[in-house]
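In the two complexes below, subunit A is the common chain; its partner is subunit B in one and subunit C in the other.
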Partner chain A sequence: MAQAGHAAAFRGRTPTRALQPAQVRAAAVRAGTVVGVLLALWGLWELYRYVWIREAWTWPFPVNDTTLPHIHSIFQALGQPTSQGPLLITFLLHAAWFTAKEALVGFGLGAVVGFALAVALVHSRLAQRALLPYIVASQTIPILAVAPMVVVWLKSGWQSVAVIAAYLTFFPVTINTLRGLQSADTAAHELLRSYAASRWKVLWKLRVPASMPYLFSALKVSATASVVGAIIGELPSSIQGGLGGAILNFNQYYSITPADLWATNLIAAALGITFFVAVVLAEKLVVRRAPEQRA
Partner chain B sequence: MTVVAISGVTKTFPKGHVTALQEIDLQIEPGEFVSLIGPSGCGKSTLLRVIGDLTAPSAGTVEVNGKSAHHARLDHDYGMVFQDSVLFDWRTVAKNIGLPLEMLGFDRSRRKQRVDEMLQLVELQGFGDHHPWQLSGGMQMRVAIARALAFEPALLLMDEPFGALDEMTRERLNIELLDIWRRMSSTIVFVTHSISEAVFLSTKVVVMSPRPGRVAGTVDIDLPQPRSGDTREDPRFFQKVTEVRELLRGVGADEHGSVLAEERA
Partner chain C sequence: MKRNYVLALAALVVVAAALAAAFGMSRAQAAPKQQKLTKVTLQLKWVTQAQFAGYYAAVAKGYYKNLGLDVNLKLGGPDITPEQTVLSGQAEFGIDWLPNLFATREKGGKIVSIAQVFNKSGMTELTWKDSGLNSISKLRGKKVGVWCCGNQPELFAALNKNGINPAKSSDVTIVNQPFDMNLFLQKKIDAAAAMTYNELAQVLETKNATTGKLNQLSDLNVFKMASPSVGTGMLEDNIFTTEKYLHDPSHATTIKNFLQASFQGWIYCRDHVADCTSIVLKNGTALGHGHQLWQMNEINKLVWPNSFGIGHVSPAQVASTAKIAKTYGVTKKLPTGAVTYTLADQALNSLKKAGVDVYGSKYKPIKVTVTAGGK
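Our next item is the complex of A and B:
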């Protein structure tokens, strides 16, 4: 009887799904903060330009329309037609979509390989001792040195770009997932031992669910790394359709149309942020944790 | 048939040459509620873990339901409750209780039926969809007990399950546990460092001595069943508490005996 009363009182405290005024206010405050920060950054940029140009300071570099274009000229450039015809924004969005596909395949490949490696390593101390040093060493080789080799092996194409992106993606996934697979405490393992659970069951019922928060913090790093990996991967593959090609191209014309390169960077950053946000949303769907434990 | 038969069990840990258990002999019959009590380092938790085949003895034999402890574990002959509730955060209360049933291959509908029965048994109806972190410590422990009983093991091993709870919650859960014990007609081995808890719950209290861990003596608790809050005020209850305390004093336990620092040997 006392329990029923307790249950009712508890349910009363549980927040319901419907949006409440407090939640709407919180969302408005958050949106306001984002806009405020963007405006402040814009202001700082323009203030810096104004002061450096007026004082003619040359340290760390002389400021003019080429070295540091107006923010509004960068946005204006997006609305200008390119030499090929379409507007720059259209051209860049196409390039971003092209790169996004490569990055997505690379991200998926890297995540799967990274996860599988972690599962293998957690089950074999020998494998851990034998392989881990080489996994770490693989990341000390600059991607610019690895990329041309991948292109030689796989031929130039989006597949080689995806593999290069995967090369940057898998490492954080392996390291974090390994830690996550080992994160369950002794008592939890003993509980499963008392059920005579097989290694396979321990993996799927305990180790993997326990590793999810670790996996997702790795995926957040990997999501942005896969975009960078895809852009870099396009360079030695001489792929023209993506953001890498666009960056290379606008780089050559920087002294004439500097805003084009800045605009390209803007779109590349937006793509990275999109990947990041997608992982954050997926994490919210998948990871159920006590609120204070949520990273 | 004897549920637990321990003969000549010795357990030494190579690190530091600790003898946690020495020549333990103990028989536990069906339907008994046996408490293991003793000062820290007496090996009572180790003994429980040996029965559950979570630790292998260095010498001697342990039989559970006439089988080796190892086979009994593989046959899911016992349920285990730890000091910490060991609930999985990512599972709801109902899914936590259903965990052993998943391991045993119960299908979804049988699982749901058993989980509902268990929720009722520990009086947590309506909490099935909650996550563990939304429950109080006492409620979490009730979920752990429900999980241990879900597949109806004849033997329940409990390692200081109420040690981390406040006095009032502990006393309420003691009464609930006795109620469950009667209804499930199970056998319970219960590790505790509280004398009054041991006397209140048990049909038999096994007092252990430290370094090396040995059985110093057993006290049969023939207080009338079913026990209730009144049992704690019965003169015979105090008599039994005194008897256990005397035994503990003999083995060098704290004078007051009730709050002994505990450590896993």
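Our next item is the complex of A and C:
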């Protein structure tokens, strides 16, 4: 891992190549795998349903249309109109967009704060020793307990939701970036010292580039966490327009319209995945070779 | 390469800042300055549903505005305690059940009930008819579902009245019931708590797994806490505010007007059940029409008729609620000064002068056909 930063700092630009047949084939294989896994999961779900209903097994729970609806009924539910006209999927996509905005602000805030914190900590062992335990402790407090307090401080509204999302975001960024900032080669440090480089120069020319792969692994964790944080944060903030409101509502009516809650979860998962993919794409632009692709 | 990450970081900051600005701007545009309207916030007990139809109607029909008020209806939820929101100053008014107000007062939260909108309890306990559990006394030794956190005293009182001690596991197994009816529908519990206006309908909107038809009222025993045979109903949705807000003379007109317009909303919902249901649905887009129509009708039954006029109940009813609350540990002492209907009476007088029927003595519920899934 230590090599990554070193290489990133000193390697020049690699020329972009045209798509090779091998690459096309690899992409097709990858797409095929995704479809295959999805089909297998679908099959497993339906098989489980079929066997449990046929045998009337009640462990761990009795299976019926309420406890485990057909996958196709979940997708069907998305195409049903709500009482006010628009399809459920339209309603949910609006809710997802609303939540996405809160999560994005929270993610940005958390990433910036988390990164700044790591930079501060890497330059002071004292600060590190004094603050790190509290940074870790902050994450042991359940977000459910933090969220209502944030709402009392900031009043209810999307700002509180963004802060709650940021609270879940900053921690992985701080911890991983701190590790990343310390990961550059001793040889590289010595080289820069021989040039009498300032702390600032060392930070920008060596430490930060070396931390990039670490930062991006953290951002991937944080991206999905920020969506979860936003959804949880909406509940104490009296916000009905996002996915949190939709989940609360459909949860209440789960016994009569179970597929609606599953459909909402599907959209919430899709939003989290979108955030994750966005970070992966950003990583591709910034870090030429992500560690997991190097195998 | 070097510039890439700097650019990416800068982009991140810019995006965050732009979004924050966009949010701020859209907020500013969404709330243009009203001329001379007094802004107040009402904290609801739960999310948008017909339980709060009167307030939504008062907004939609302009009753608040006509009396110089700009009312923000703040949604409730699982992590929101209306008493706390009002005490922390985030809302002037709140809706909650009366026993919770007593409990908050006892802990030092200076809030006062200024109108009792629901004058009877909507709490029931359900059993399946084929179980043979056709009276509360037969629940001895059974698994009885109860909601936690201040919602259990009515049933505990009913059990106690029938010689069953809810605190003794040899008498009865009390099951902490989640806020949906799955345990009951799957027959994992023998009896379940249900509000007439919500969970009862959810049972009826579900198909029976064996017959494939919707569950019928005739399949159920419904023990209504408010009925004379059970007789342990407590007062539920009331409007409250802080003592500080109430006793500031400059707020007297605002409070009176708020109550008057809210009452008007409830009167409108009494006389226009279908229209009021649409108003609620417009405020909560994914709600089922059938379920909300049922709820609207059942809520009307809890509000009307009221021989004192909407918002006012007899001291005996308040005392009965207080007594049950004390008996089952919601409060340690009987409350004093927790209820004052002076401003509600002023609001009622204004409405009566305008020729509005505030009693609903001729109120008749409509008949609602249950729809599968409450669609």
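Criterion: the second predicted complex is superposed on the first by the 272 of 295 C-alpha atoms of A that agree within 3 Å, B and C clash if a C-alpha of one lies under 4 Å from a C-alpha of the other, contacts with A are read in each partner's own complex, and residues count from 1 in each chain.
In this section, a contact is a pair of C-beta atoms (placed from the backbone, for glycine too) under 8 Å apart; a residue touches a chain by one contact, two chains touch by 3 or more.
All values derive from a computational prediction rather than experimental measurement.
Contact with subunit B, but none with subunit C, is seen for A:193 once the two complexes are overlaid on the shared chain.
Once the two complexes are laid over each other on the shared chain, residue contacts for A:104 go to subunit C alone; subunit B is not touched.
Of the two partner chains, subunit C is the only one that A:253 touches; subunit B does not reach it. When both complexes are overlaid on chain A, the residue A:34 reaches neither subunit B nor subunit C. Look at A:66: by the touch rule set out above, it reaches subunit C but stays clear of subunit B.
Of the two partner chains placed by superposition, A:19 touches none, neither subunit B nor subunit C. Once chain A of one complex is fitted onto chain A of the other, the partner contacts of A:158 are limited to subunit C, with no touch recorded for subunit B. Of the two partner chains, subunit B and subunit C are each touched by A:212.
Between subunit B and subunit C, C contacts the larger number of subunit A residues.
Residue overlap on subunit A between its contacts with subunit B in one complex and with subunit C in the other: 11, 205, 209, 212, 288.
The residues of subunit B lying in touch with subunit A in their complex are 52, 54, 73-76, 78-80, 82, 84, 86, 88-91, 99-100, 102-104, 123-127, 130-131, 133-134. Chain contact summary for the complex, subunit A toward subunit B: residues 3-4, 7, 10-11, 14, 185, 187-188, 190-197, 201, 205-206, 209-210, 212, 287-291, 293.
Put simply, subunit A touches subunit C in their complex at residues 8, 11-13, 62, 64, 66-67, 82-84, 86, 88, 91, 101, 104-105, 107-109, 111-112, 115, 144, 147-148, 152, 155-159, 162, 204-205, 208-209, 212, 235-236, 238-240, 245-246, 248-257, 260, 282, 285-286, 288.
Taken together, the subunit C residues at the contact with subunit A in this complex read 1-2, 4-6, 8-9, 12-13, 15-16, 19-20, 23, 27, 47-48, 74-80, 88, 90, 179-182, 185-186, 202-203, 205-206, 209, 281-282, 284-289, 291-292, 373-375.
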